[in-house]
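Naming follows writing order (A, B, C and D), and every chain is counted from residue 1.
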Amino acid sequence: MAINGNYVLRETTANLTRNITLTVASVLTVFVSLAILGSTVLVRQGAQNATRQFEGGVEFIVYVDADITPSELAAVKASLEDNPGVLRAPYVDAEATYKEFRRLFKGQETMLENVRKGDLPTSFRVEPKDKSVESVQELVAYYQKRPNVYYVSAATEVIREMKAITTFFNNGLSVFAVFLLVASALLILNTIRTAMFARRREIEVMKLVGATNWFIRIPFMLEGLIQGLIGGVLAVGFVFLAKGWLDDLLNRSKGLNLLQNFSIESSDVTLACLVVVGVAITLSVVSSALATRRFLDV
Amino acid sequence: MAINGNYVLRETTANLTRNITLTVASVLTVFVSLAILGSTVLVRQGAQNATRQFEGGVEFIVYVDADITPSELAAVKASLEDNPGVLRAPYVDAEATYKEFRRLFKGQETMLENVRKGDLPTSFRVEPKDKSVESVQELVAYYQKRPNVYYVSAATEVIREMKAITTFFNNGLSVFAVFLLVASALLILNTIRTAMFARRREIEVMKLVGATNWFIRIPFMLEGLIQGLIGGVLAVGFVFLAKGWLDDLLNRSKGLNLLQNFSIESSDVTLACLVVVGVAITLSVVSSALATRRFLDV
Amino acid sequence: MIKLENVSKVFKGDVVALREANCDINKGEFVFLVGPSGSGKSTMIRLLNKQEEPSTGAIYVAGKHIGQLNSWKVPYLRRNIGCVFQDYKLLSNKTVYENVAFALEVIGRPRHVVKTQVPAILELVGLSKKHKNYPDELSGGEQQRVSIARAFVNRPLILLADEPTGNLDPATSVGIMRLLDRINRTGTTVVMATHDRSIVDTMRRRVIELDRGSIIRDQARGVYE
Amino acid sequence: MIKLENVSKVFKGDVVALREANCDINKGEFVFLVGPSGSGKSTMIRLLNKQEEPSTGAIYVAGKHIGQLNSWKVPYLRRNIGCVFQDYKLLSNKTVYENVAFALEVIGRPRHVVKTQVPAILELVGLSKKHKNYPDELSGGEQQRVSIARAFVNRPLILLADEPTGNLDPATSVGIMRLLDRINRTGTTVVMATHDRSIVDTMRRRVIELDRGSIIRDQARGVYE
């Protein structure tokens, strides 16, 4: 059966405009839930960027001299591996260090030009067995004085707190996002069901004069998809706005310990947008498909 | 015309259960928007508590000795009022100081028992004309050395940043809350309109057999009110949860400058709950009233 | 009881459904409205019920100029007018019993009245056995009879019936006409639009004939044509 | 063309709407279904259309056992069966023209076909002037005629008509019957449920009489009773 494009267009428009309050309410809720979802992704990424070095159980980093010899390096490595207080201490070689350096100083060209791979101190990311403040401090003090150790950098109180706070906000936002995604799904589901319910006589008649199920279903599914997409596009706009606000906030709070490492890169924005659009499409397709399964058995 | 309570109950229940997805979606959205609204109130109050001393343009506080004589006090006051760099410097007397002390140390009984009104240094809240860091520091240094001055406390960088961050989060949350409140209002409006639309033939018949408008309207309005209230009650529950989480966060972050003054009192929780319930009722009554105005002119 | 003074009803697109109609129906009369399809019978009935407003002219029902009635008084007017609609207007989510009971509940009748009146009227229209069925579980004629039961259950002053036998076989139609006749004998004014020649010819009551919106005949003991 | 083998239809609450019905209708026949209100006429028509499933028995339409039809084939079956419903089943948000055109659009007819067929059929049922009106702006009889137009616009093999003259005055009824007769002469099988004695008696076609669900008479050139 050939489906007439003109017919589909006409019906979909009619559906969307017939119950304009419900359409607006759906789009708004989809928008807000996806915006919150997007913000959650941004905050999570920003926090991850800020604390990436100290991910997992890594509590301090032992930087070794740049001009260290292989045997000296082996000695440091052995002293870490043999230490009963150390759980794991993977080595970050020159290659990986340089990559991370490039990431951190992206955009600052002079910096990038003047530093070459060999210039940077390589390091061990140390995860101690006992993570209490005292025992970590003891270990830090010990390695600080070892030969060939350039510098030991410990996860400060600030970073721990920062993790706590971002976890808190992340959890809060995730809770909102989940509730809102459920609400959005229900709403899209519902807008379509309402549209179908309002037209159940019409659907019954369509079936009685010989329309196939897909002929009836397609305009309704398109309606759901369009709602989801509008909400998604608005949310993507919001993600960019939020990125602007965050940058602004970060600029104004230079010097504040807590946020100094907090940064949002454009790849994070892209990720957030992809998540938002992906969820928007999944949400609307699934809801529409579910919604149109009813009212079709005449 | 006597309205039959039994009839109203039966119809309202039927309306609420007839379109259960829409009811759930409405309640969820009302809940989430009110929860965000409640959280906004909590964060705003907490930040206000933390920075209350430095509200307005107050940049530093001059504490005077507890045993200061009235004439010495007058001298300090005069030196502040005559200083061309000072815009305003209201005096906080023993009474007000003690009140604030009690507020800050609420729950810590030994502290409250051992300190009497006269023990506390009274203070001037100084708002300088020029609020740049340098000129404030100059003024602080000057008054620090004046006779009878016990201590000068300045708004630190941390407090400024804290204000910036809370403002940021407040704005973000407010934006979400506003969008969501609009969505909630539209949803309640819509649930009722859908209910009325689904029953428009019934309403037409009711009117034709002689039912008054109020007879028809009341079950629908009750439906809206109930949805709003359920959403509101859930949101109140969430506010208490959020209070718990915040307390937890504050406990874990003792020693972190940023949050040390951040506190949420039970009066703030009460305020948040009142706001939530108030908005819930207003929202649902207004939406219902608007929604039921249609479909009634047969 | 019912009086039309120069009543016209023009729909959009200049469709004149009723043209300068004048008539006067006394309390207790039984009037047939006849005329071809689209001649304005249903329109006239809808005007009496204030379902539609006349374009010009005045309509009096029970002594009241219904065009000047406050809108909040309309429900009270309608409680005195039972109406059998051409399309039945039954509530599809209520059973037969509830459909009829509804007409009483809406006007605030106490429950014991509902409980005695409804079964009685259902018995009268021969639907006692179907009282638990929903409208779409009924045949066309059964739905029509539910509509009649609902219109009469609160003993209105006036009964308007728009083709109450359109979907009924001759035998059942005769039964319904006997019922309407009985209702009329209790003093209720009955106005009935119909196409059924045999019914009009048998009953020999007042006949008002419409043609393209105009009253072309008003005969005391008339026939269909 | 149509064949019923021991078909019964029992609704919930043990309402037997059709009891062990057997009949065989050939291509091109014109059959009246008569019987009192509630005797099962509409039920029989709904079974042919697969609007309802029989409780027992087999129904063959155009050689196919429709009870064993794949559900995705049902639309194609229905495209061969035009149906005039007792309650019209018009779409209230579409105009008369759109209601009729809809039956063609749904089955994917190209636009130029729609543009020529629809006005022609509206002319035939006498509704050319009302093609822009919505169903609730039509009189009962006019709605019924739209329903007939829609049922026939795609020239089905079979035309089922459930009381197509229930709301029509005698003169218009005669016009509709002429139309159905003409449709029948083009080879379309017509099954029509009716209460109208005069029509059945005038046409003298095959009559199947139902009473409380049973076929009690199947007469070649029958009368109403």
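Assume a contact is a pair of C-beta atoms (placed from the backbone, for glycine too) under 8 Å apart; a residue touches a chain by one contact, two chains touch by 3 or more.
Predicted model, so just to flag it, every value in this text is computed and none were measured.
A.B. asks: Please identify the chain with the largest separation between its CA centroid and the CA centroid of chain B.
C.D. replies: D
A.B. asks: Between chain B and chain D, what is the gap in Å from one C-alpha centre to the other?
C.D. replies: The computed centroid separation for chain B versus chain D comes out at 67 Å.
A.B. asks: Between chain A and chain B, what is the separation of their C-alpha centroids in Å?
C.D. replies: The computed centroid separation for chain A versus chain B comes out at 29 Å.
A.B. asks: In whole angstrom, what separates the CA-based centres of chain A and chain D?
C.D. replies: Measuring from centre to centre gives 60 Å for this pair.
A.B. asks: Multi-chain contacts only, two chains or more: what residues does chain D have there?
C.D. replies: Residue numbers touching two or more other chains: none in chain D.
A.B. asks: Would you pick out the residues of chain A that each touch at least 2 other chains?
C.D. replies: There are none in chain A.
A.B. asks: Report the topology of the inter-chain touch graph, choosing from line, ring, star, complete and other.
C.D. replies: ring
A.B. asks: Between which chains does touch occur?
C.D. replies: Result for touching pairs of chains: A-B, A-D, B-C, C-D.
A.B. asks: Please name which positions on chain A make contact with chain B in the complex.
C.D. replies: Touching chain B: residues 19, 21-22, 24-25, 28-29, 31-32, 35-36, 39, 157-158, 161, 164-165, 168, 171-172, 176, 179-180, 182-183, 186-187, 189-190, 193-194, 197-198, 242, 245, 249, 252-253, 255-256, 258-259 of chain A.
A.B. asks: Considering only the defined contacts, which chain D positions touch chain C in the complex?
C.D. replies: My answer: residues 11, 13, 34-39, 41-42, 86-87, 132-133, 137-142, 145, 162-163, 166-173, 195, 197.
A.B. asks: Show me the residue ranges of chain B that touch chain C in the complex, using the header's touch definition.
C.D. replies: Residues in contact with chain C: 1-4, 7, 201-202, 204-213, 215, 298.
A.B. asks: Spell out the part of chain D that touches chain A in their complex, as residue ranges.
C.D. replies: Residues of chain D touching chain A: 49, 51, 72, 75-79, 83, 85, 89-93, 102-103, 105-108, 150.
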